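What follows is chain A paired twice: with chain B in the first complex and chain C in the second.
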Partner chain A sequence: MTAQEQPAETTVLAINRPVNWLEHLVGHDAYRTLKGLATNPVSVIGLILLGMFLFVAAAAPVLAPPVSKDDPYNIPRDGYGAVPKVPGTEWKTRQPPLPFWWKAVTGKDQWVHLMGTASGQWDIYYGVIWGTRTALFAGLTITLAGVLIGVTIGAVSAYYGGAVDMILMRITDLFQAFPFLLTAMTLSAVLTPRLGKGLLAPMIALIVFSWMGFARLLRSDILSLREREYVLAARVVGVRDSRILFRHILPNAIFPTLVLASMRIGSYAITFAGLSFLGIGAEVGFADWGQLLSFARDWMTQLAEYWYIIVFPGVTLVLFVLSWNLVGDALRDVLDPRLQGSR
Partner chain B sequence: MTEQQTQSAWQHLLDVRNLETQFHTEDGVVHAVNRISYTMNEGDTLGVVGESGCGKSVHALSIMRLIPNPPGKITGGEVFFRGKDLLQLTDDEMRRVRGAEIAMIFQDPMTSLNPVLTVGFQIMEALKLHQGMDEKVARARAEELLVLVGIPEARQRLDDYPHQFSGGMRQRAMIAMGLSCNPGLLIADEPTTALDVTIQAQIVDLVKRLQEKIGMAVIWITHDLGVVAGMARRVNVMYAGSIIESGPVKEIYANPHHPYTVGLLGSLPGARRDRTKRLYSIKGEPPDLVGELKGCPFAPRCAFRVERCAFEAPVLEEIDSQHIAACWEKANVRRVQ
Partner chain C sequence: MINYIIRRLIAVPLLLIGVTILIFLMLMALTPVERTALYVRDVPRNDRVLEGIIKKYGLDDPWYKQYWRWLFGTTITTTEDGVTTVENIGGILRGDFGYSRTASQPVGELLARRFPASLELALYAVIPVIAGGIFLGVVGAVKHNKPLDHIVRIFGIVGWSFPDFVFGLLLLMAFYAGTGWFPPGRISDWANQIVTSPAFHNYTKLISIDALLNLRFDIFFDSLRHMVLPVISLAYLWWALTLRVTRSSMLETLRQDYITTARAKGLAERTVINKHALPNALMPVVTLGGNTVVGLLSGVVIIETVFNYPGMGAAAARAASQLDVITVLSFVLFNGLILVLANVVVDILYAYIDPRVRLD
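And then the complex of A and B:
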């Protein structure tokens, strides 16, 4: 090639910015996402909150050593009295092992109820700490399962179109027509005698009614992307339809669904807590925020005096949902195709 | 391979016969391509010109069998490519033709590359698909192709995403994709329309140079008559889904016989044009292609029309052995100045 044929624009217009090791490792789009998340104040707050929850969940055995290693999710109780005790009250009966950091910080050998006890002398601190694991597990599992079902149905629906699309979308409509919480409650109540009391029944009930939003969102995104010229270009090259769907269209279409999913994690955790609050979730004494709140039910009229029974689990739950919403919001900003290239 | 035998089995590289494509819409049947016929030889360059909506692109997509169905459907005709009728192939067989034997590039290089896949991935895809290359071999070949189309630092550029390329570079990358399997025919659907003039010239030169090197035939679809003049040997002028005039480029430019061709040539901005006058334009709108057309589709806009044009459609008739036109008054049509 002669110098004359060498296009001038390649040297002038091409973006020749340096690519650092992280971008090289995770690819351009993931790098841009990470960079966007790390520089957006909203997402930074969300990520810090989320990081705290992850830390608490991981460090639960150190923060609140369980009475029995085999059954750490069982909230220890200090007697059976009905009246809640204020934060800082000393443990009297069945005291769990003292965490090592307690003596280092306070110099005392006596373990206390850090956040007080709820009605029935359940220790709120243990419930909050171990409940973080329950909330993360329930929120992530329900959302992941919902996304998997939704993505499958949405992609199949958009890919095959016609009668398949029609049938799948009417089934989706059918599921959406049920009032979410009421139906989930009913299903959970029906499943509990069969599956036993525990996390399984309420989680399955929520999963069954969680996937419709993901399916519709993905389907609509695929339908619009299907008409793009690069899809035609892939067909011109002779790429198989299924490969076009999974390799060319899905990577473009999946982002809005991921954003929705990240926001839903918090809301499914809160719905799960709601089921527990109503007594159709985890069994009594299982570390779960909704369970803790349900212990406060009989003392609602005296919250000025017994504020701690509702404030600690309540604020934790709110912060948990907030953290996922902030992260989801930031993800949406970062991944919004209309903002691409502006960053 | 019985290359030599099959070679003699077909007379033309591409032989389109009475190709007809329709779209079924709520308003009725759109006759997008009406029984067009032409032939092309190996290494030939054919220009297809006409204004927007005249069926240029639909005819190209029909050859590739990429008409969205529904609503579109190829309703008749044959498309012989290297002796086999593309319209009779199974979907799998047709997929092996696309990209390997017939390639296509598009108007807008900004939208025809997938934003979430690297340029290298998109070039290598066809190589792996049609030539069974593994990652390493395909990568080396993709690098070669980028060098061939004039992209510097090709090796690093393979890992770039399309947004890191400029418009001209993207079209070069598209061409690299199209040429990856040495196709016998490249269909270029207005590949320079979205580019600015200097880049246009580079792309035209590039395709010409590569055409000589690979020996492929090119169908160049455009509404830019200037590009066709510099590029093509023959030109098909299309109007309302039909070929209304066809002939060698020089002959068409010097001696047009259809009033529409005359109008198109007359509306060209030229260097020696009188700049105080407004640029000539053909009056009126192209016809609505819904439903059967009666008479000559160009009649309502035609300065040469006679009574007969309103109810009887003209057929393509020879002016000489190379040149055909569909007009009742072709003997009287002269260039407007």
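And then the complex of A and C:
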């Protein structure tokens, strides 16, 4: 669709340049954000990395076919020996199905440990591939739940003000008075016997102590927007309070919170992996990067020889976090041009 | 100023009560049987004995009674075969946190033994965070958009993306497994024999300092050698953050009108930066100070586990992974107290350097 075909009102607005189909489709602000993300080299690197992780997560069954379709998150083991095997060693016992591309690429019928095995013969490659799903799931769920709680508390606090605000903000203070990791660890230990060993206990524990930053940020943004002329105008016209909050203030105040959220996904993925590194959370053998890294602790003195136990899952985790941080950083620059290049 | 300090200090007891209540709520989520570890060393398997213990210590009383007992302890008088025994037990305010199943000793003793080791790590970690982070942040801002600034920026963002335990493991791989330079643990075996011998005086319980006070320089260097890697892994994350905050705050400050004025009246650039810009640019960094304490306290949990360093964090991690809630909860309580106090100090410091804060 070209600019000439557009309805007259749109052209009257500040846009006096040709508007392409994408801008027409998603609106001016979203288009500016997308364009900013697509032209910033930092965010392009971040987006490419992120795309790779999404691809790996989606294609996990093809990249590393599971032994049993019902329980794909269980890392297959090649025996029970303690000594790790180097990358490229052939599978001996209980070999999982051969991925079709392996034969096409190498012409061999024998599946190998692409990234070697950890102590206990857990296949590192399998854990790295399926761990991508775990990391994405944990990072996104924790952040999303944290944002939902934070936005609710922040909005209610700013909207009602007075005593409600006072009480809610003191509760926020209280939750922030706890050392994050240590408290999440404790709550996870409290919940595990009740919910069973698995992802649920550490995730709930992290969510409970993750919302405070979002609540504070949103509250202060709402408070500053509340005094703007356009809100006053809406009030003068007689718009209901709840409508002002949800239709006029929240859409404008939410962006900094979303930027913060995108930057937190990576750090929650780190904390989650850290918990499972400490042995809190999923069962031994669950496909999770922190779990894989914890196998390295069995061979502390010989890590130079068995470098692959930490290098593969470690680098994957770093790249994962980096991709979210790069995208978040660029998103902030785009949404708040004033800050461009200041960080 | 005094007014502000008083107002700020009044909030402390309230916050502390809040912290203890929240922790106690987690404790109440446990079953009475699990809570027996607050008072008895070995939880018996026998159901009848267990019921007796639960009754004796009132572990199924209403929560406020239990909370009171948990805070202040209780005196239990038992008469058995005509012999009356009076037992003063419990009460976190009396330093009785219960028994640690994973460490097989009272939690209070465990804390007292493990805390100095963690403190030593954190103290050494603070130095590079403050010195290096602030210095490089200022350099980055002054050389804005020059190659040096880009290097500093990349350092900041990559550092922030690097999980501390991955970094620690890579360091171990390179500098212990690879070269043998920096071993894990707190101190070598030969040095440990000397430190635990009666001839060695433990003044501060911080081994490196005590070694200096005892004039044992070999032990001093041995303990430093063990601390190099954990301190680096503990510090770099906060170092990266301090760097980023200093840099952006310095950039913001350098754009202010009064800086232009200072330059216009012909002051040397060095004076403008050090005397006019830096003190104002450092304010957000002071606020970050509280977060850094939080971060270091949380950081020791993972770092000590990676490096097998016998501190508070390693004990907490071990307790949590074995679901020993009583122990790990006491660590949370202890660290929560430190945090609340650290934040008060930061707030007062902030009010001292920024007079505007005192007014509202």
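Here are a few things to note about the model shown:
Criterion: the second predicted complex is superposed on the first by the 321 of 343 C-alpha atoms of A that agree within 3 Å, B and C clash if a C-alpha of one lies under 4 Å from a C-alpha of the other, contacts with A are read in each partner's own complex, and residues count from 1 in each chain.
The criterion applied here is as follows: contacts are C-beta pairs under 8 Å (C-beta built on N, C-alpha and C of every residue); 3 or more make two chains touch, one makes a residue touch a chain.
Bear in mind that the values here come from a model prediction, so they are computed numbers and not experimental data.
By the document's definition of touching, of the two partners only chain B reaches A:V237; chain C does not.
Look at A:P251: by the touch rule set out above, it reaches chain B but stays clear of chain C. When both complexes are overlaid on chain A, the residue A:P179 reaches chain C alone and has no touch with chain B.
Of the two partner chains, chain C is the only one touched by A:A273; chain B is not. Considering which of chain B and chain C touches more of chain A, the answer is C. Legend: residue contacts after superposition of the two complexes on their common chain; A:G139 is shown touching neither chain B nor chain C.
When the two complexes are superposed on chain A, the residues of chain A that touch both chain B and chain C are 341. Across the interface of their complex, chain B is touched by residues 1, 5-11, 13-15, 28-29, 228-230, 232-240, 247-248, 251-252, 340-341 of chain A. Residues of chain C that touch chain A in their complex: 15, 18-19, 22, 26, 29-30, 145, 153, 156-158, 160-166, 169-170, 172-174, 176-178, 184, 244, 247-248, 251-252, 294, 297-299, 301-302, 305-306, 308, 316-317, 319-321, 323-325, 328-329, 331-332, 335-336, 339-340, 343. Chain B contributes residues 64, 66, 95-100, 103-104, 106, 108, 111-117, 122, 125-126, 129-130, 150-152, 161, 163-169, 172, 174, 177, 198-199, 202, 205-206 to its touches with chain A in the complex. Those residues of chain A that touch chain C in the complex are listed here as 170, 173-175, 177-183, 185-190, 192-194, 266, 270, 273-274, 277-280, 290, 293, 296-297, 300-305, 307, 310-311, 314, 317-318, 321-322, 325-326, 329, 339, 341-343.
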